[in-house]
Every structure is written in structure tokens, then in C-alpha cells.
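Each structure below appears as C-alpha cells.
Here chain A shows up in two complexes: once beside chain B, once beside chain C.
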Partner chain A sequence: MLDSFILFIKNIILWPPVFYLLIAPGLVTILISLLLLIWAERKIAGRIQMRYGPLEISPKIGGAIQLVADLTRYMLQEIIIPRTVDTLPYLIAPIAGFIISLLPVAAIPISPIYFPSPMTNSIIVALALTTLPPILNILAAWASNNKFSLIGGARESFLIAAYELIVILSAIGAMVIYGTSDFTEAVSLQKNLWGIILNPISAIAFYVAVLMATGRFPFEIAEAEAEIVMGAYTEYSGLLYGLSMGISYTRMFVYNVIFSLLFLGGWQPFFTIGGHIFISYVLIPATVVILKALIVSLTMVFTRAIYGRLRIDQALGGAWKFWFLVAIVGLIWGSALTYLQQVI
Partner chain B sequence: MEQINNVGGFSAKKVDDKTLILFFGPQHPSSGHMRIIVKLDGDIIVESDPDIGYVHRTMEKLSETKEWIKNSVLFERLAILDAGNVTQAYIIALEKLLNVEPPPRALYLRTILSEINRISSHLYGMGIFAIMIGSSTGYMWFFGDREIMVQLAERITGSRLTHTYHIPGGVRRDVSNAFLEELEKGLNYIERRLKDYEVMFVNNPIIRSRLENVGVLSRERAIELGVTGPNLRASGVSYDVRVEEPYGAYQFVDFEVPVYKEGDALARTFQRFDEIRQSISILRQLIKSIPEGPVLNEKYLKLFTKKMKDIWDAEKRVKFPSIFANLRPPAGKAYGRVEEGRGEIFFYLESSGEAKPYRVRVVTPSFRNSILLKYLPVGERLADLPAIYGSIDYFPPEADR
Partner chain C sequence: MGGKYVEKVVPSRNLSLLNKAKNHAEALALGAKFLVRPLRITYRYPIVKEIPDQGYRGLIVLDDNKCIGCSLCARICPASAMKMFQAGEKKLRPAVNYERCVFCGYCVDICPENALKHARTHDVVFESGESMLYIGEKFTLDPDTQILSGKVRIYRVRVDEKRGLIYEPIR
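Moving on, here comes the complex of A and B:
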């Protein structure tokens, strides 16, 4: 009886859709990654800025679980809902925003044979799903009925128009080389040469567009504290504020999983341990992918310690006049590479 | 904006539905103790209306209820980060009324404190400026390094911020030679760090692009608006009270007044860096040439009791002669001017021969510069408002008095 129950639970957890959305690269992994990323962001910035960073909670491990303390505080804090807001969308926006920002993992495989939904165009589906969360950001801005929120939402909508195209064009720049829109196949083709070597131009454009998409410095424009308080999330407090903070980190992590699959060889180098199917085909590849994504994310949070904040016109001008062209050049480069390969 | 109605001092304005009126402050992360009412057309500021007075403490009126010496404690609350310079202006005016002169060593010590205060005031202003344009590293660096100057000031005066160091006829404490060595070390550190600031902060391409050609103040406009201090000099006007009307030990040292002609936020930033360099050079000259001798005027030294002399010999600390509690300057008027970190501070004192001032009037540099918040942001983008606010180094408590 007990054995069959344990087997039942195990089967449920290991059922790919559940495993992907809840364990890796879904909720649990993302929460642990957030813990690590935000801690590392504070610690790296602290080291550069002549201070310690978090040290009050768990000083023996360098304040690593500070985020747990912060989240506990957010959870215990009263959620103040201003009288003037449009309550239903105001409540929905950060919650849905957080969940939807997790959604692309449904189409992102982290193992060659074990994936949530077998599809031949997973790259396109994943990229399409990453474009959804900003709409919730604009919804939060509109529902808040606050001028600073409104300006933040307007800035976010300008930025979406600028970065989405770059993300998608540079992803296509990689896709034309692999000749497929399936992550599993794209990764298996990167066995010897990673995509970043084949098409560095698209990789750089993708990286910068992700910085812009997730509001990392110097593109922290939509929630610029010194200018518009907290952008779209000015009126939020408590757990809703904590969730809204998590959205950009979650999006960054998901984008970087896509980045590592497209350009950094995904789960390559791939190796198996005889007799351990689960370890060989799920744990090791998942760890490799997540580590790569984490390292890229770390370089992204590191920019906070170096740069200031660009003005919206400078960011948009840079995106349209420079990075958009770079993405096009990357696409041309990828096509030319494919053409040359066919000819030679 | 057209004023359509004026009833009993209230003015009503026509609502314009194409623009957005944004209340930038007083509860805004970067507004300080003030409010700027900006009118936005899209992202462009078409009208900016600084609304000051949120931290008005009635200092001028309040000082009429306090004895002369107690007022120096009151006035250093004007600009707590630059307290030495503020008190110095008041004490200079008071000394003119009392007709006493500080001895040379006291003049040197006053000037040393002034320049330490100037460096720490500039670092403070720069730190606020850095966080306003999103450079958290700049913020932490400037504030962290300001600590060196604050601690040096503490070594001289015994307190970190509100020094109350100047007294009529001299200063309250003498310094040892060990302090002068410490000061030299601190200056070397700041000089080394200035290069780091340039790499990480001003010459950082992102920061530079935020500052160049933002909030341009032309030479003519600066003179017309009566701007003072580094903001005036960054617009090409070489005017510095330390040169125009030397006080303290400035007549004994050699220094330049840095001037920039661009008048934009970047020039104002470079201006402050250059002023820190000049302060370092002034301090080095003062360390070399500081004379020995008493730090209080003979007139008051004569009044010392034996116990006060013992304390002076042991700790080099001035105990106030009882006359200080009850100073009665002869009836008359006097003024004191000092070049503070943010510009010229002016004290006008009027005595009627009583133990308390008859009238005190203060003109603070931040008050004179606050007018810039009305004219500089117009035509710029909303994101430039914090950049302009930070670059003029505006300090609301000082402006509001």
C-alpha cells in the first residue's frame, strides 16, 4: 500500500509537465536561483561599493538566505490597496505577471529525451510566451491610477516595442544556422561548436535585448526609482510588491535558459552514467543548463554596480538605431553561414 | 499659463488637457524636502515650479530669542553637512561687531576646517547626484569616502557634523602635529580616489551621456538669476568669496578658482571635482605653513581662571570665559560672507547692545540656487529633472532656513 503510494507520488512528480513547471526549470529552481542571484547581486555590488552586503541574517554563510527573510517580511506585511485603484486588475496584475513569466518553461526542454511537451517548434512557442508578462506590467500601471505608475507603464510599452524585435530577430539569427525551430535539435547540433561562436553578433544582440527586457542597468528605465518612484508598481505593497519584484528576475532567468540553449550549447557537454537513467538524462543536463543560465544572469545583475540609468530616448534610440541593425546583421550573418555551408 | 481668476491671494489656473501635472515630491525618493510641480507634455517638461519651505525652521526670528553665542549652535543646523563654513560666516560678522580679531593659528585652523567641510560637502552632493542618475556605486563611494573627511573634522572639533568650532576671537580646540599627519594621509587617499571616480563615475559612458548638454545654464542667465557658487563658476563666471573678500587664512595660500564655460550638468560635476583638487592643494599648503601660537584672542585669554588654564594646557581645549554667556556687542550692523561648499553664504547682524541680536538675516547659497529648478528643467525630459536637481547640489534645509 505505502510502496504503491510512494510510486504514485514519484510518478506524478516525474511526470514531465509537473516536473518542468514545479521542479526544474520551474518554480523550485527559479526560487533557488532568485535566492542565489539576488544574494550574489547584493554581495558583488557590496564588494565593489566598499561595503559588506547582507550579513545580518545567517552571517556564517554570508547572509545567503537574506531573501527568505525579505519574503517573510513581505508575506507578513499588510497589503494596502488604495481606494482609487481598479481593484481586480490591480490584484491580478502582479500575480498573473509572476505566473506568466514562468510559463515559457513549458516549452523549454532541459534534457534530450525528457521534455514537457514534444513539439517541433518549441523555440517559437517559448519566445512567444516570453512576450506576455509586460502586458501585465502595463495593466498594473493602468489599474494603479497613479501618475508615476502611468509614466512607468508608458515607458515599459515603449521599451517592449524596442526589445521584442531584437530578441526575436537574434533568435532567428541562431535558428537559421541550426535549420530548426526545435530546442532539442538545436542543442544536439551544438555538440562541437556552440552557437555563440557560430553567430556572436546575434548572441550579443540577444544579450543586450534581455538586459533591456528585464530592466537591468543601464536599462532600468521603467521603474527608475529616482524619477518615477517604482514605475508601474508604485502603489503596491506587501506580498504583491514582492511578487512584482520577482517578475523581472524570473524573466531574466527564463530568457537566459533560452540564451544558453540557443547560444551556449544547452546541456552540452552531454555525458551519461551507465545504469542511472534519471541522473544521466534529467539531473546532469538540467544542472548544466541551469548553471549556464545562472552564470549569464550573474553577469547581468553585475551591471548594476557599473552603470547608471539611461534616459528613455537614449535607450530607444540605441535600440532602434544600433541594436536593431546589429540583430539584422546577425540574421544576415547566420543566413550567409548556412548558404556557404550548402554551397561548399 | 493663463491666470483666469484671483480671489484673496488664491489663483486659479485653466486646466490644460494635453499636459500632465506631476507633483514631484515632497514624498518622492529624490525630491528632498521640497516639491517640484512639473507640467509634462509627453516626456518633455514645459513648466517647472519649485515649491520650497517644507523645512522652514524660522531660524532668523528664532535667533532673536537666543544669546549671541548660542546662535552659532542654531545656525549650523542650516547646512549640517557644511556646518563649519556656516558658523564661520556668523562668527566673522559677530567679530566685526565685537571688534576682535582671531590670532593667526586660529585663522589657519578655521580654514583647515572650511576646506575639509568643502570636500565632504562636495562628496555628499555628488553621492546624492550619483544615486539620482542610478549609479549606486558612485553613491556608496562618495558617501564612504566622505567618512574620511567627516572623521578628520571630528579629530579637529570633537564632533562629526555640528562642530560649533568657531567662537568670537578664535576657535575652541587646538590640534596636534599627529592630526596634521593624519590629514595628509586622508588627502592622499582622496586624491587617489578622485581618479577612480573619474573612471567609474563621470567618464562612464552612460553617466556622461546623461549629463552632457543637460540643464545648460548660460553665463548671462547665471548672472541674471543671481546664481552662486560652483554652479556660477561652471557657467564661466569666476567669482569666489575666498578671492573677492579673503577671510581666514586664504590670503596666505595660493589657489586657483576653477571655471568651466559649458554650464551643463557635466561641467558642474567637473567643477566640483576640480574644487576638491584645489581644496586638497590649499590644505597641503596650510599644513606646511601653520604657525604656532594661541588659538584665542588675547582679550579673552586674559580672562582665563587657573582651572581653565590647566584644561587648556592639558587638553588644548578652550573653556569658555563667563563673558561668552553674556556677550553684549555694541550697537551696530555687520555682515559676514563665506564661500560655502554650495556657494556664498551671507549673514547680516544688527545689534542694539543687548545680549540677544536685534535682527539676523541669512542669505544661503541653496536659496539663491533654488531658482534654477524653475528655469533649467524646462524643455528637458522628466528623467533629466533628477539629473539637474543633483547637479546643482541643492540642499533644501539650507534654503528654507
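Moving on, here comes the complex of A and C:
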């Protein structure tokens, strides 16, 4: 009886959709990497700005569990709902935003044979799903009924128009080379040569567009703390505020998983340990992908300490007049490579 | 007299793409340098203490044996923080109220017997108004001895040409 129950639970957890959304690279992994990334961001900024960063909670390990303390505080804090907000969309926006920013995971495989849903165009589906969360951001801005929120939402909607195209064009620049829109196949084609070497132009454009999409410096325009308090999330408090802070980090992590699959060779170098199917086909590739995504994310949080914040017109001008062209050049470069390969 | 109109537009620097890329690379390299070898100018306050140089105007300490009860300190005090109190038969002793004291140091300067001195620390927290009055025995305790014992690391601040302030451990 008990044995069959444990087997049942194990089967449910190892069922790919559940495993992907809950464990890796889903909720559990993302929460852990969130703790790590936010701590690293504060620590890096501290070191570069000639101070210590978080330290007081656990001096022995450099304040690494500071975020746990912060989370506890958010959970115990009262959630104040202002009288003038549209209550239902106001409550839905951060919660749905957090969940939806996790959703692309449903189309991102992190192992060659164990994927969440078998599909042949997973890159397109994943990219389509990453475009959803900003809508919730704008919804939060609209529902908050506050001018700072509204300005933040307006800035976010300007930025979406700028970065979304660059993300998709540079992803297509990689897809053209692999000749497939399936992550599994794209990764297996990168066995010897990673995408970042084949098409560095698209990789750089993708990287910058992700910086812009997830509000990292110097594109932290939609939540510019010194100008518009917290952008669209000005009116939030308590756990809802914690969730809304997590959205941009979750999006960054998901984008970086996509980045490492498209350009950094995914789970390559791939090796197996004989006799351990679960370890060699799920655990090792997942660890490799997540480590790559974490390293890319760390370089992204590193920019906070170095750049100032651009004005919205500077960011939009840079995106449309420069990075858009770079993405198109990357696309042309990818097509040319494919053409040359076919001719020769 | 009308003011003069000043064009407050900074001309664009018009850097070439190569120059921009170079500037970005320089900024990133500088950040990486600081990340690997941080030059911290802050210190961990409650664990590490900074001890100021001689002449720092900290809390005031009375040497009861030297004081002759002349009341000059109470008279000079610009904030009326120093007051004389009866301490036994025909004996006057000063007491200080830190609610009023502005740490000007006049009382220390004027004392003919050098009975007052500044401690080299400022770090006190008061829980109530009464505890801010230092009278009798309490006024004669040197707060430095309490702070310099205990498990703190003592730092001294030094001005460096390259970095600004530096905190150097002296114990």
C-alpha cells in the first residue's frame, strides 16, 4: 500500500510536465537561482561600489541567506490594497505575471530524450510565451491607478516594442543556421561548434535585448527607482511586491536558459554514466544547462554596478537605430552561412 | 536687471562606434577589477570600531580628584548642559546633560585644573531622558575603557591620495 503510494508520487513528480514546471528548470530551480542571483547582484554592486553588501544575517557565508530573511519579511508583511485600485486586476497582475513568466519552461527541453512536451517547433513556442509577462506588467500599471505606475507601464510598453523584435530576429538568426525550430535538434547540432561562434552578432543582439527585456541596467527604465518609485509596482506591498520583484529575475533566468540552448551549446558536452538512466539523461544535462544559464545571468546582474540608467529616448533610439540593425545583420550573416554551406 | 539666458544643452559627444565599444569595455574592465580586488571604504560598524585621533571631541569625563569645584565649566557652557551639583558638604561637582550638550569643548578648555577631558568615542545610546544626565559616579567613568576592551577590532582612519579614506587596523 505505502510502496505503491510512494511509486505513484514518484511517477507524478517524474512525469515530464510536472518535473519541468515544478523542479528543473521550473519553480524550485528558479526560486533557488533567484535567491542566488539577487544576493550576487547586491554583493557584486557592494564590492564594486566600495562597500560590503549584505552581510549581517550570516557573516560566515557572506550574507548569502539575506534573501530568505527578506522573503520572510515580505510574507509576514501586511498587504495594503489602496482604495482607488481596481482590486481584481490589481491582485491578479503580479501573481499571474510570476506564473506566466515561468510558462516558457513548458517548451524548453533540458535533456535530449526527456522533454516536457514533444513538439517540433519548441523555439518558436518558447519565444512566443516569453512575450506574455509584460502585458501583466501593463495591467498592473493600469489597475494601480497611480501616476508613477502609469508612467512605468507606458515606458514598459514602449520598451516591449523595441526589444521583442530584436529577441525574435536574433533567435531566428540562430535558427536559420541550424535549419530547425526545435531545441533538441538545435542543441544536438552544436555538438562541435557552439552557436555563439557561428553567429556572434545574433548572440550579442539577443543578450542586449534580454538586458532590455528584463529591466537590467542600463535599461532599468520601466522601474527606475529614483524617478518613478517602482514603476508599475509602486502600489504593491508585502508578498505581492516580492512576487513582482521576482518577475524580472524569473524572466531573465528563462531567457538565459533559451540563450544557453541556442548559443551556448545547451547540454553539450553531453556524456552518460552507464546504468544510471535518470542521472545521465536528466540530472547531468539539466545541471549543465542551468549552470550555463546562471553564469550568463551573473554577467547580467554585474551590469547594475557599472552602468547608469539610460533615458527612455536613448534606450529606444539605441534599440531601433542600432540593435535592430545588428539583429538584421545577424540574420543576414546566418543566412549567408547556410547558403555558403549549401553551395560548397 | 534681467538675467542672462544660458543655453543649457550639452552638445552630443558624437563618439564613433569604435570609441563607444572601447568605453564600454573600459567600464566593464574597471568593474571587474574592483570585483576581484575590492577597495572598501566602509567598515563593519558594530564589530569593527574606528578610533579617532587625539583631539577628537567625544563624551566628557570628569576626574573627581582634580576638580576644585570652581564652576567655571558650568558658566562657560553655551548650551547650559553643564550644571553644578552639591556633592557632600561644601563640595560642588559638575554634571553634564547630553540632551543639551553640543560637544563644543569649552568646558574642557576652561577648566583650570584639567579635570575634564574628552573621551575618544561618541557611541552611546540612551533609552530615556534621565539616562542622559551624567552625574556623580557616572560622570567619572571613562567610556573608552569599556569600548576598547571587548571583542571589537579597532581601526584608525587615514587619508590616502588615491582612495580617499582608508581604515587601518591598529589591533
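Operating definition for what follows: the second predicted complex is superposed on the first by the 344 of 344 C-alpha atoms of A that agree within 3 Å, B and C clash if a C-alpha of one lies under 4 Å from a C-alpha of the other, contacts with A are read in each partner's own complex, and residues count from 1 in each chain.
Note that a contact is a pair of C-beta atoms (placed from the backbone, for glycine too) under 8 Å apart; a residue touches a chain by one contact, two chains touch by 3 or more.
If you're wondering where the values come from, they're calculated on a predicted model, not measured in any experiment.
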> Based on the superposition on chain A, does the combination of chain B and chain C result in a clash or a fit?
Replying inline: clash
>> I'd like to know which partner A:Ile306 touches here: chain B for first, chain C for second, both or neither.
In response: both
> First (chain B), second (chain C), both or neither: which does A:Lys147 touch?
Replying inline: first
> In this superposed model, does chain C or chain B come into contact with more residues of chain A?
Replying inline: B
> In the superposed arrangement, does A:Arg51 touch chain B (first), chain C (second), both or neither?
Replying inline: both
> Does the superposition put A:Asp86 against chain B (first), chain C (second), both, or neither?
Replying inline: neither
>> By the touch definition at the top of the document, which applies to A:Glu225: first (chain B), second (chain C), both, or neither?
In response: first
> Between 220-228, 238-246, 346-354 or 382-390, which chain B stretch has C-alpha clashes with chain C?
Replying inline: 220-228
> For chain A, which residues lie in the overlap of the chain B contacts and the chain C contacts?
Replying inline: 48, 50-51, 305-307
> Any idea which chain A residues touch chain B in the complex?
Replying inline: 45, 48-51, 147-148, 151, 217-218, 220-221, 224-229, 304-314
>> If we count contacts the way the header does, which residues on chain C are in touch with chain A in the complex?
In response: 27-28, 30-31, 34-35, 38-42, 44
>> Quick check: in the complex, which residue numbers of chain A touch chain C?
In response: 44, 47-48, 50-52, 55, 302, 305-307
> What residues of chain B sit close enough to touch chain A in their complex?
Replying inline: 20, 22, 28-30, 43, 130-141, 144, 200, 204, 206-207, 209-210, 381-386
